[in-house]
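Below is a structure I'd like to ask you about.
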């Protein structure tokens, strides 16, 4: 029984950590930089495809790399590539909606998400089919009755590290101040020698690269990747960021753990739980927002008039 | 009519550790102009925000003609007859001047969804009548504004924005109008115009009272019946400007040497 | 320090400034007056490169603004107080100042020392370093905005109606500080509504009416001028 | 119009009403012909050509705003004519569709989407409330009426109002959280609501689960079953024509509702809410009520569309009412032009027809639609037809 | 060539999440037509392949497009049951014969529209013998069901539940999940207490692979069984080594020389997509249309529909005949396939 409980707990933490990695990007982009980017989940989901392609290329070229070393290289390369992809998409599409009403950016990026998904599907070899994704780590640590996969520890560790790093970046570094300044008043930020284009690029790079790790963990956890995974993962990550409080890195964790908690609990307690998990997750989202309109850790917006 | 028009007792609000308004008492009688002055950050705008229902006071009570309006939401307070302008003007920028004024008449018009859908003639007649009145109001305050009534409010220069805000406030046929630094950003000529407007409106609408936050001493010296001075959230003086300005505390906190002499 | 040569600008197809020329020499204080909507803020925006001028040239410290771009003006030694202050509302006072300090890229300066100097000028700042700029009152914000322009020790300061919304006492203090800045040898362009006060501390003045320079000259002369008197005094 | 002492500037000189009339006739007939050609053409080249023509027209309007102004003015001056001619065109349109039920089907779907887009426009366009749950209201309407018809044999005409009321109740329910949230937060509430509704429809057994509901009976009117072709003057219109006229009537009603609300105190209050909620409150506008009202009106109209859809296709499943359907509706409003009735309708037509006509790209269809939408938003950000200022009696 | 020109329609999901199924089937359809055109078929046949994107509304649009084209004689359609259910009235109203090549909901043929026939067995047909085998051959007493909430999943779960209970077994747990679920760990972990002898999976390939892999991860070392829906090499690729020992039923008649020839032809034609499990259904459905058209001509659609129902067609699926509802009567006897050494092989006791 204890072991069972531990399994559920572990599952909760792993899911929570994965959602956090996606939520962080949303929080950074929506909450800190004030850009609306609904295709973040889809951008992130390109990551595993790139990693997969690299692994295959490495294997095909019979490079003298161990399987896990190859995977590690592939993941790092995918992070970088997705970071750049984020920057590119901002430059091509998203930046054009900086001054337009929020709704337009919203619709444009939802459309962008479709374009990304369909591009993978049509351009990637056999893009419609689900593809097996290798496990990042297969080892386990056994403590008494409890089996802890090394992978879980990696996921949790990386996610905590990312939160800490982003928190430090936003609140305690000059770059963080610049990001917030650009979000608040672009022209005055320019007067303060901030180059908005660079700030946008940096932020998009970070958010997308972190998202890419999240996506890689997600598909490695599932064992498969498919071109349309990004949409649901994106929605859940977005919900987590919002109920945690957009702009708050701790909020991203809190929101993710909450959602992952409901996710796991529903499946444990409710008969046919899996078919109702989205119902419960999104009911929770609504409820949190009814009682905490700016999310759990979001600062209530007090308008100064 | 034994009640004062607006009666504020012990009004307070705090933001975290900061007590922005503390125990403020304020009375406004019918047909009276009261100016509120005080250093920057004293809590004047916050007091307006409390009275207009944007913030909910932590303590204290407000009465409008004897009726307790403490804690009412902003739209009910507006409907009860308190209109206001904002320190940095908040117009409906993507609407025409006329629409802005019409929205100001919201509490003085009645038609709702069902009227609009099922009795369009009535609803339309009401709105058109309102539009005529709005036009008249605009014209009375400024023929130039009236001439531009079909252009978007967002394109107006500062001084005109303030004027339009005042017209919008007037449109609701309020009993109290609160103006937050109406002359800021106006040149002296415009300020004179503003004072003339206030006087004219007072003459046209007996019973209407003004509560005005101001920093322009020319206006403060000329316009109000009474002046209340706020400092650090508290009211430190209330009375005739000629007397208030001589109070050392007011000079020290607010007027400074030069202005005290000049005004 | 600042030189505008027959600059014209427009909003879309509506022309705004027409052939505006003005100069501010080193350690000189010049004011730009004009009624509402005359184009003063437009001039400000053109100077800091936020609005592209259609023709004419603007130079700061000899550099063409269009060429070097808004982002480099601070390092040329220019500080700005935009209309309505435009602080970064959710950044703390300290962060606002830090940003401006870094913008100046002046290796000779040290942030803490400069901060101390600003706090001496504006004591309120010392108490409020950790407060979010957006929650401060109008007057407090005005102080921070000026401190933000000064913290990089600029050679030129351009201010757009900095006294807007200040209490009489603060206006007094504010202009005292502004004259002190001039006395330190900085060039100042003061855009003002408040003609009397502005002319009383500036050496020269320009009058902008409907996008054109209608008058210019020494402050003492302008104070006597009929147009100005009619408009303002 | 104004009988007051205020001077009114002389009405701008106009070059005669006959020119206005010809402009109106030319524009309406031209659009009808263009649409017809687009609907009926099968050749890729022609479709592309027609798209290019449309693009060119909008390009022209973009470069030369004066043309647009002129057309708008003409329509304003010849309003009666414009409406009458429009109605006639709508009435006779099916006769020119060469009996193609496919073309009629597209028109029906486009009209239903036009209603949905108009419904959403009350929120998105008028009041700037993001609502990603219009698809859910559409579904609630469709399911309510379908369940009533299948389980209790309730007639179509009776299910219409019932479905609308049920959906409106849900709309208000959804409006409730909107009291306190806004922007992205509110958007998420509506997204979540849409997903919850979709998932529940998919999971409950009494909604037919993923299978949906089969065998929704066709409505009939005065003994004429809607599954039967219409025969008039020796013409024979495919049975789809029944639903074509039904949905056209609904579009007509929606337009009237939209215009009446837009030009009323309610529309003004919504616009105020859109521009500055805080200032709106200080004008005495109960923004909570007006937000909820916008949700209610949206749901009400969407339910009508849902009911007609259910009876038209005679089969519904949760897949008809997904998040992506809501996004599509939203795209229609934005592409068409927020708070502009005509624009929104055209947006709906365009986005219904476009994917159908892009079938030639089969596998790449969705990709193209996405790209086209993005390009559109970049190139004509104000929408096909931007919002216009109101005028009260007197023309500006 | 002055052969008369006709068109045949295909509808299926060739974009979106189910495109892999649709593309394989479409290629089967194209292959059949190309072969007919190359042989001395009396008509020049033009294929019209349309996308339904798994969306009922898009599907209806596609169907209407076909029925409005006077050259289109008949069609085959749909992988998703909801889409098929939506378009059937369209074909019915215009009396155009349509053979369902992929959707498996029993409801489709229950309606018994004269124009609609189906070459795929409903899942009931396969679940019955599988359940019997599970109870006897496999010897399982307690089975847990995992199925998706789609029509396919729920129908499978109901059918298997009924048949297995009838055969004397017990269903100890039933977990339904939405298509697209990627994490079954919680449900699997929970399952350990019920200690089932096997898991019955009633979904499609992707989820099957994920589930199988995660079963191994949580240490649930029991067999997984199911119908032929995930009898596919992709399943093994997805599940990896964990796939070992998975057993599925497979309609016995399906392995035949014709099928092998089709597969060879398919490979030779070098489509850019591989075959899907539905290629053969679409291929036979198309050939059935071609056969009746050759016999009855193109003028009388009612006669065509009747001829389809009356046909006895010997193709890659075996000998297809239709019952009174238009449902294929094809053999339902099954054989069991098992994953061994990373490949599907015949199960041996």
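Worth a mention:
Each chain gets a letter, A, B, C, D and E, in the order it is written, and its residues are counted from 1.
Basically, contacts are C-beta pairs under 8 Å (C-beta built on N, C-alpha and C of every residue); 3 or more make two chains touch, one makes a residue touch a chain.
As the structure is a prediction and not an experimental result, all values here were calculated from the model.
The chain with its Cα centroid farthest from the Cα centroid of chain D is C.
Pairs B-C and A-C differ in how many C-beta pairs touch across them, and the larger number is found at B-C.
Note: centroid distance chain C to chain E, computed from Cα atoms, is 75 Å.
In terms of their C-alpha centroids, the spacing between chain A and chain B amounts to 48 Å.
Chain A and chain D have CA centres that are 35 Å apart. Listed for chain C are residues 135, each touching two or more other chains.
Counting partner chains per residue, chain B shows two or more touched chains at residues 15, 45, 54, 86-87, 90. Counting only residues that touch two or more partner chains, chain D has 199, 202-203, 278, 363-364, 366.
For chain A in complex with chain E, the touching residues are 4, 7-8, 11, 15, 118, 121, 126, 128-132, 147, 149, 218-219, 221-224, 226, 228-229, 232, 263-264, 267-268, 271-275, 277-278.
Taken in their complex, chain B has these residues touching chain C: 15, 37-42, 45, 87-88, 157-160, 181, 184-190, 215, 217, 253-259, 263. The residues of chain E lying in touch with chain D in their complex are 14-16, 19, 23, 49-51, 53-58, 60-62, 64-65, 67-68, 80-82, 85-86, 89, 93-94, 105, 107, 111, 149-151, 153-154, 176, 178.
Of all residues in chain D, only 1-4, 6, 9, 257, 260-261, 263-269, 271-272, 274-276, 278-287, 293, 297, 387, 389-393, 396 touch chain B in the complex they form. Every residue of chain A that touches chain D in the complex is listed here, in rising order: 30, 36, 93, 96-97, 100-104, 106-108, 110-112, 114-115, 118-119, 122, 235, 238-239, 242, 246, 272, 275-276, 278-279, 282-283, 285-286, 289-290, 293-295, 303, 305.
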